[in-house]
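One structure below.
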Amino acid sequence: VERRELNPALDPLVAAPWARCAPRMNPQAPPALPCLDEGTLERVRLTLFDLIATARPLMEDLHQFTEGSGLAIALFDPAACVLDVLGDAGIVRAAEAVGLRPGVYWSEGHVGTNAFALALLERTPVQVVGAEHFVALYHDWVTTAAPIYGLDGQPLGAIGVMAPVERAQPDTLGMVMAAARAIENQLQAAENLQESHQYLAELQAILEAIDQVVMVLNTRGEIVRLNRTAARVLGLDPSGILGRPLSSHIQLPPALQNALMDPQVHLETEAALLIDGAPLEGWLTLHAVAEGRHHLGCVLTFRRSEQIHRMVARL
Amino acid sequence: VERRELNPALDPLVAAPWARCAPRMNPQAPPALPCLDEGTLERVRLTLFDLIATARPLMEDLHQFTEGSGLAIALFDPAACVLDVLGDAGIVRAAEAVGLRPGVYWSEGHVGTNAFALALLERTPVQVVGAEHFVALYHDWVTTAAPIYGLDGQPLGAIGVMAPVERAQPDTLGMVMAAARAIENQLQAAENLQESHQYLAELQAILEAIDQVVMVLNTRGEIVRLNRTAARVLGLDPSGILGRPLSSHIQLPPALQNALMDPQVHLETEAALLIDGAPLEGWLTLHAVAEGRHHLGCVLTFRRSEQIHRMVARL
Amino acid sequence: MPVMRDDVVAWLERCAAVLEENRDYLTQLDAAIGDADHGANMDRGFKAFMAKLPSVADKDIGTILKTLGMTLVATVGGAGGPLYGTFFLQMGVKTANKLMLTPEDWAEALEAGINGVIARGQARPGDKTMVDALLPALEAFKEAIRNSDSFGKALQRMAEAAEQGMKATIPMVARKGRASYLGERSAGHQDPGATSSYLILKAAADTWGHVT
Amino acid sequence: MPVMRDDVVAWLERCAAVLEENRDYLTQLDAAIGDADHGANMDRGFKAFMAKLPSVADKDIGTILKTLGMTLVATVGGAGGPLYGTFFLQMGVKTANKLMLTPEDWAEALEAGINGVIARGQARPGDKTMVDALLPALEAFKEAIRNSDSFGKALQRMAEAAEQGMKATIPMVARKGRASYLGERSAGHQDPGATSSYLILKAAADTWGHVT
């Protein structure tokens, strides 16, 4: 590309940014590199700590497996502000000298066409090679980047690579795309895990709060969960009984034994449980546990007749 | 490398395999390409369906972003058996001709040094370029691969790339490493989600099985969860009340209001709830909900005096 | 009268034909709210299966459906590959070793297939996906059987419900897949995946219309 | 007497010195069951912070600790970067705007830091990680305060418990991090991260020993 003329063979994805830049910027002039002051940058990085902490180990691994080949790897916020840079020392230094430094904004309006801003704008991985950069200073470089999306589809930032233009390769684009995907998936996994832990914590607290026998059985009739009351009243050792069939210790009336496996079971009845032969009378309920359309097992509750009498006496 | 002599400058990671291959194989001879019959391959792919279904969209994206540059992208099982191949048509055809076909085993013992077997053996991403392949047939190729690990750290397979040796690039190694990471993280996210759903299903079934008022409050005293009994007895509209403070409808005795926020709360007491002014007497319990060391809120249960009397009458 | 193994083969052959006929239509739908490839994707997948069909057409129904699922995951591409792959795979697992399907067999297989799609894609009713055609179709079939309708009649009800569900996606805002990137702009367009699901279930109803 | 802001600065300076002194020791531990870089990692991180310290040494304790956390995540590398980064960041969040720490402040901050490490790394007691030194140290400190020990005494108890916890990692089989790849072979070696955690907490006890 010479004299601000667009090469007609240019990637359309790159041509549009050129059209945007041309009226506003002088490609020969060094770019304005708007940069956050230390304090504001620190606040931005604090807010995006989770992204930085998640991306950094992956960036280190990208560096490890391309070490010495001449890459600078960088993390950007959704506004194309550099958050973090690492890579081959010489390239990192040279890239820093042309603006790849934490706090610098690589928005198109300031730096001209570049992969970092373009990936965020077009919401797709993209590579900008040499003279495709609007500003002449970057004609010696190739920039490659992929946007990173959060759990609700909102842009979290971008991961990018800067290298000398001689080193331009197609696989850099595959690399940043896969890296962005890896970061997104890790954030999703962490979110799902946290949600999982919260549900389990609620579940366990509810079990302990209930003064009835409560047990959860799976579709094979094995005890998946039981509360303290169940262990005490039924004489079960929690560490020993988990995963074992209910029937190994406790006999239900035959009609109820079948009901355990019913994916729609929803019953309440007087019943006598046989605990190692000895009968225990009370009120028993069975409710199916279904995860959407998937039958997981059932919840069994039981309250001894004796206990009910005691409750009245208490009032 | 000539005449089976090892180039002393060779990457040690590649030299060892050569030492393993040299006694057993003739590098000039076409490799034995052990291949599964259709039926067995289908069974293997059936067993690994989840890996294939997860990896395939990512492989398609890797192809999309490197299209035309000359790559064949392949998925392997833990024994280096090819499960799936896609990529630039001409390269895929050529690679197929030298053994990159579903059902073919790329174990070192049969195919000589190659990245696919090496990545699984050494448990690390690796690239094998041209003459580093033991068998002469592959001197025109570069193979790159990264192992994929499952949720318990067991090897699930590997993702790899095959390209003409002229096209050997460092970023291919970064690309397969990031791709393996993306697949692992997605499998982890799916597992965590499933676990999360199961806990929620249990939680909800338990709530509905309990015939007391049961509510879960967060640390701000807002109602996070309530069962049907709670809605009925306390006159609450479930869709309306979730997320609202308990106190917007129900007054607890002052001592208990403070107890709500106690991260160690564990109490049971007679209490009178004021529901829009009208008193409801019964037995109330409060138990803290903690996720590890993190205080999430509390579980409140309540049983009306009246209900207790009715339970006795039933027996 | 049950659906026989050869009837299942006929169904799948019909699916391939119908998806080829509707290739441009599906592509058009996917052009409005996606990347304009759903027609090509489904056509390619079923054509690949047609090439394999001769080698499994004499096997049990489960094997045929599993083969279809494995073929689709490797050839359809995009979101549909893993989803339709899982759909038919789970149907195949449920019908392993069977050479005929009773209405109950079909309901269970369809349910297993749909559960698989939901487990993999995490779509809920109203997210504007194939699930919005599949779920109502399943419910309608099960209800018809509960009401003692014949197998053929129940299949008709199933196809009608699939069609209704497909059309009901038109006003929906997509919450899954590429269409969800468009947000509100996805409303007003029928979902391509719901459409191909409808076509597949309609093909079953049309092929098996003769069973009572 | 509380711990003052300048005491916190002195503590972190001591940490940097101690981690430099123990660089080879930590590296050795990490050579046995890891990739032999923990010593270099911690030294690099704290040296980077020492360069920043002058610009924040006059700020509140929260700002100083947050800056430390942000610096460590960007310079320590490996598993420790995000974990120690989170540790000090959460301590900093808990001590925002404070210019002094009561025993309760320190317990809360330490607890917040440890919760952060556990949330990010998902390590449990017995997994052979820094958590095996940090958790017992926290418990010992809290118990000493409950028993009306002085601040200085409680810090000593904390350091002793950290040391015990660190040594207790020797027989453990690693279940997190690189060491877990070795499985059973990780047993018989002291965990590097538990060791650096001990050194950091010991530095606090030593620096603040004069407070009552």
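The letters A, B, C and D name the chains in turn, as written, and every chain counts its residues from 1.
FYI, a contact is a pair of C-beta atoms (placed from the backbone, for glycine too) under 8 Å apart; a residue touches a chain by one contact, two chains touch by 3 or more.
Chain labels with UniProt names: C, D = Dihydroxyacetone kinase DhaL subunit.
All of these numbers come straight from a predicted model, not from anything done at the bench.
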item	value
Far-end chain from chain A, centres as C-alpha averages	C
Distance between chain centroids, defined by C-alpha means - chain C, chain D (Å)	56
Mean-CA-position distance for chain C and chain A (Å)	30
Length of the line joining the C-alpha centres of chain A and chain B, rounded to whole Å	10
Multi-chain contact residues (two or more partners), chain A	193, 292
Where chain D touches two or more other chains at once, by residue number	119
Chain pairs that touch, as defined at the top of this document	A-B, A-C, A-D, B-C, B-D
Touching residues (chain side chain A, partner chain C) in the complex	123, 153, 292-294
Interface residues, chain D side, partner chain B - complex	111, 114-115, 118-119, 180-181
For the chain D and chain A complex, residues of the former touching the latter	55, 66-67, 69-70, 73-74, 77-79, 81-82, 85-86, 89, 119-120, 122
Residue ranges of chain A in contact with chain B within the complex	58, 61-62, 65-66, 69, 71, 125, 169-175, 177-179, 181-182, 185-186, 188-189, 192-193, 195-203, 205-212, 214, 216, 224-225, 268, 270, 283, 285-292, 296, 298-299, 301, 303, 305, 308-309, 311-312, 314-315
Of all residues in chain B, those that touch chain C in their complex	38, 42, 45-46, 49, 52-54, 56-57, 60, 84, 193-194
